[in-house]
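What follows is a set of structures to go through.
What follows is a pair of complexes built around subunit A, which joins subunit B in one and subunit C in the other.
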Partner chain A sequence: MNVGALPPARMRRLTDMTTFYAILMDGMIYASWLFLVAAGLTVIYGVMRILNMAHGSFYAIGAYSAASLVGWYFSSNGEANPYWSYAILVGCALLAGLVVGFVIEQGLLRFMYKRNELLMVIVTYALLLILEDATKLVFGVDPYFTYQPYSLLGRSMIGELAFANYDLALVGASVVVGGLCWFVLNRTHTGKVLRAVIHDREIAVAMGVNVRLMFAGTFIVGTTLGALAGALTAPSISVSPGIGVEVIVLAFAVVVVGGLGSIEGAVVGALLVGLTRSMAVHLAPEIELFVIYGVMSLVLAVRPQGLFGRTVARKI
Partner chain B sequence: MLAYSCARRGAAIACLGIGIIGGTWSAPALARVELGLPATQAQVTIGCLYPMTGRAAIYGKDSVAGIKLALAELAAEADAPRLRVIVDDDRSKASYAVRMAEDFIAHDKARFLCGMVSSGVAQAVSKVALKNKVVMVGTDHASSRLTIEGLHPYYFRVSNDSYTSMAAGARYLAELQKKTGWKRLAYIGPDYDYGHVSWSDFQSNLEHLGVRYESVGMFWPKLYEPDYSAYIQAMLKAEPDIVVTSLWGGDFVAFLKQARTTDFFTRIRLANFDTGGNYEVMLSLGDKPPPGLILSARHHNNWPDTDTNRRFVETFRQAEGRFPTYAAEGAYSGIMAIARAVTKAGGATDMGAVITALEGLELHLPEDPDGFNSFIDPDTHQIVQTQAVGEVVANTAYPPAKVMLGKWTVYGAEDLRPLPELVRSRRAKAAGAVELIE
Partner chain C sequence: MTYIDRTGLWLIATAAILVAGAFVLPHWLTFILTLALAKALVVQGVVVQMRAGLVSFGQGLFFCVGGYAIGLGGNLLGIHDAFALLALGLVASVGLAAVIGLLMTRYRDIFFAMLSLALSMILFGVLVKSQTLGSTDGFNVHGVSYLGVTFDGANQKIAVYILTVVVSCACALFLYRSQHAGIGRVCEAIRENEIRVEYLGLSPRWILYAQYLVAAAVSALGGGLTALATGHIDPEMAFWTTSGEFVFIALLGGTMHVAAPFVAAVLFAFVRTYAIEFTPHTWQMILGLVLLGIIIFLPKGLWSLVSRNRRVKA
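On to the complex of A and B.
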């Protein structure tokens, strides 16, 4: 009677609306997480032309800070209001991102802005290695568990399917982050100045724009977004060494598919990767890992600059 | 003026980035630890490889602590061999581990290799052991491929493999079927050798026991997957009675965390027979574990309730300030096995004699119940041990964990060995495949 999963069953599943909704919801949740991770990476590249290899370390720092502080909050305040743990999650991500971003930008990157993009890849890679070991020195190798914020929100039924409300909140968080990024870039004076810097750095300097300040601000925002992604993920995983390196590969896949430096591209890239992966999990789980990179390869074969990347003539 | 695509250049740099990240674990490790006697005084050098960085670093850390316990015990014995143990970080990368193993042999004159958490890494290092004719003792990886299809004279393993754990699991589920009549089964395991071999071992054991079931889904998340929500939904949709998993470490913890916010545990029983009962998992469950978990591990801090196990756990706790994961007992067993084999063989110069000593070697280990000694099967070079499968119960004796396993069902070692016909058939199939390729 060991019948396994047969092709006709798969065909039936395709027409099953519950499976369709499951694919859609799971894909959206995964895409939200991917976007949160990739947003900081694409913001930094878009403005500064730095492919920040250390972005995964900021994710890890955010996750460790959140997991350790929230863990401490619950273990030392038995009577405390558990809902404050969400403020701690976000607060420590902001603090960690601001501090780490400021120190790295002021202490290292500002001396290297005129260097070649490839050199910056190597510099941020070195930073990744340093931060990985620094994280290990500070937090050790023992895993950190913070399950309370994840389970506290309970779950919701969507049709026959139960979803963790925390995951649904993550979708909301990614919409807020994406919306804010778009609003700042397109509807504020700072955004206009940033776009001028993106368009032509030299002309922006000639027009009196303080490019260094713009770079510092952008890097700190990018770092904080990375830390925020880590902090928001911490309650649903076991936080342990190496988590930053694991996510950065996926984040690269998303920004490459969408087009480096494009927020809209990161949204579409995350959705494409998330939905494709979800479809594979539900319909053909054995090829799930392949499809993520299959999509990336296909997009790059057709549009090497990514879906939203623009081809720009450049002097060398 | 030469125009070219700036964005294409960006994409190329991104691909370079992915390549560099992929190679991150190949960067030189800095974690070499030397234990035991210095080279000038040691009779035997053992080179051990464990992950000291990355997600599995806790297993490396506990393994080092386990090795220290074994060396301390041996130091107190007058006739024990004088050992030097070098431990280094394999970064869970096969290519890196191979290079380090070759360095151990060439530069440190290691006569034994030991350790390894990843089955993929172990398979690569096993080939180094064979090529250099040094003995390798596996302590923490579990793919049964190493002791069946891929076995060679120089490879031995002293912790439960996927076959042993799945044999115990299949027996447990066979008995459960008689009580509950469960029929529908799904599996979720990491998408690498260990996950696939575990499923295959489980199926062959169910078949051997004549258990009739319907397989309603197999799921293969990548190692270190952060989001299991799609898998959980797919499993809920498939409506299995039981889900068997071989997710381990942080992956299993993440799966549990994410599944407990759905109605997964009210509808499905989850079983993890190889690693699910690890102390790290107990710790993560807090004081409100999900219902219906069926778990086991390669060593338990609270089973068997023997002097040897109590002493091992307590000595570890005193030394490290916390309770051990199963990795500690595996590493401890590895060093003890090498020491006893060297003593039995009268030294480590004649590898043939050491291999003969290891084949059938009996050891009394912390996970052995009273009246039973673990022993190494001469045919598979796999240690033969009893296994206890349990359910989660409240237990505050091992803080900070608030639950431990209890309500044990214990399976005798002899029942968990692969039948000689199965071993022959798997080896013949593998040999046939090799011939076909050639």
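On to the complex of A and C.
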């Protein structure tokens, strides 16, 4: 499966210590990618209580728009400064996320906020089906390759292991995204209002919070985060139909492990899943896929609300 | 209800007509019907749980177990009788459900949906990575006999078709009876308010457990019949998009009547056959739009069209 996106183990037959560092580094890189993918999902669930199955499609849209625009940039003007392609990557994601998020929230979701959580899962499943084909219609079914931003940064050696600098930059990007989310939620006025909405929607409305505006904003931010994850991944994979469907269950695993709606939870979930998978890749490759959902089921079995989730009292 | 009432007679009559159709209808049609009815059995599994308020996004798990039982039973255990293979799938699936049902019945709402999805993806992950189980390609099912009789090409398809119709009819009768028996009624109560059911002295958890086993059983039969009909099984049966399709068909038909999943599955199969031929790249988009339409305009599924009209007439 190409969802790994990041080159897994190399140099299997080295000393134990090297294997350990390889597991650690690959795990960190994979975890930061997982966090990028899962952040938008958990933000949307936290505020809106919508488990968004279409999140993978936002990822795919981000990846496609970035891959096609960066590809066009490199093919149309050869002498241009290649470093601008990173700005294009991020710009694409922001634009695509804004537009798609706005259209979906205003055109469909805002009419459905009264429905129950389970039905919203199915609504977003319908969205996923629509967006899958919409992506195919817009971008075609042939894969896109945009390796330039990936290879441009070169490689660096850490101990005996070589890592692509782009992958290391991805770790930085996820720290920035995570930090921003935390800062906005905990250190700004908007964040405070959002936390009030998360805590009790009805009381927040009674206090004069414009919940609809908050919802619209949250959904657009969530969509943009998904698209950003896709755009940042695009240089290291072949962007082809089906990437969204593969990614969404991984993102589910991460946020369910951490606790739906919790940013800290998504960080811990991503680390747990990332390191476990990387351990499996290096030590027992045949259980690689199994292990991700294994972790998810195990956590759910012991702590259904996830590691950082809140338990909700049963109401009669 | 110790007798077979009007709905039961209707079901049996329809099954009889469908069996008779085996000798009249063209082969492509009976093939589509076989697959649709087999799929409808899995959808029945989803619907049984939906009546109790649980949406399973991982019914593909039991669909897959039923299918693989057919393939593995033939290849590894040397069982070649269709009935024995179906029974094997049934036992394997119910056995599995009996274990994981203990865990699953502790969850509700999206947690149930997510955990069922995770469990079916675990099976997918195991199957994809194990060479002995055929890896991503799966393997072919062949040399199946029916009570000692083996059929060639076209007759084999007819045999599977008739078997599917008979099994579907039997399941439908069973599900119809259980839906209108105490346990079926209680499921609706559980969906509406579980805690009050507890106050009545019943245990929602064990009722849901029983329903979970029933769902696993019919889904395994659906998987087994699909494997017999197509002669091939692969891990895709446990992938979550397959389970998503079952949820789709369940919502399309609605949970009001036992026949609804069958009608919806047949409708789905025909629409898909033509849609893929004419608009291969917008097929999923059509599905999505129909799903949204159903949720907004017909929340009780297509069957509510039928029953609403009947009430007006009476």
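Following the convention adopted for this analysis, the second predicted complex is superposed on the first by the 298 of 316 C-alpha atoms of A that agree within 3 Å, B and C clash if a C-alpha of one lies under 4 Å from a C-alpha of the other, contacts with A are read in each partner's own complex, and residues count from 1 in each chain.
The rule is short, and it goes like this: contacts are C-beta pairs under 8 Å (C-beta built on N, C-alpha and C of every residue); 3 or more make two chains touch, one makes a residue touch a chain.
What you are looking at is a predicted structure, and each value in this text was computed from that prediction instead of being measured.
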Determine, for the superposed arrangement built on subunit A, whether subunit B and subunit C clash or fit. clash
Touch check for A:Val249: first (subunit B), second (subunit C), both, or neither? both
Compare subunit B and subunit C by how many residues of subunit A each one touches, and report the one with more. B
Just subunit B (first), just subunit C (second), both, or neither: which does A:Leu127 touch? second
Just subunit B (first), just subunit C (second), both, or neither: which does A:Tyr30 touch? first
Touch test for A:Asp142: subunit B only (first), subunit C only (second), both, or neither? first
Scan A:Glu117 for contacts with subunit B and subunit C and give back first, second, both or neither. both
Looking at the overlay, does A:Ser297 come into contact with subunit B only (first), subunit C only (second), both, or neither? second
Touching A:His189 in the superposition: subunit B (first), subunit C (second), both, neither? neither
Taking the options 5-13, 275-283, 311-319 or 419-427, which segment of subunit B carries the C-alpha atoms that clash with subunit C in the overlay? 5-13
Find the residues of subunit A that appear in the contact set with subunit B and again in the contact set with subunit C. 1, 51, 117-118, 121, 125, 128-129, 132-133, 136, 141, 245, 249, 252-253, 256, 260, 285-286, 288-289, 300, 304, 314, 316
Along subunit B, where are the residues that touch subunit A in the complex? 1-11, 13-18, 20-22, 24-25, 27, 30, 52-55, 57-58, 60-61, 183, 191, 203, 207, 212-222, 224, 226-227, 229-231, 233-234, 236-237, 249-251, 253-254, 257-258, 260-263, 280, 283-284, 286, 322
Quick one: in the complex, what on subunit A touches subunit C? 1, 51, 108, 117-119, 121-123, 125-134, 136-137, 141, 245, 249, 252-253, 256, 260, 285-294, 296-297, 300-301, 304, 314, 316
Contact footprint of subunit B on subunit A as seen in their complex: 1-5, 18-19, 22-23, 25-27, 29-30, 33, 45, 49, 51, 53, 56, 117-118, 121, 125, 128-129, 132-133, 136, 141-143, 145, 147, 150-151, 153-155, 161-167, 233, 235-238, 240-243, 245-249, 252-253, 255-256, 259-261, 277-278, 281-282, 285-286, 288-289, 300, 304-306, 309-316
Residue set of subunit C touching subunit A in the complex reads 53, 55, 57, 103, 106-107, 109-111, 113-115, 117-119, 121-122, 124-126, 128-130, 193, 195-196, 240-241, 244, 247-248, 251, 281-285, 287-289, 291-292, 295
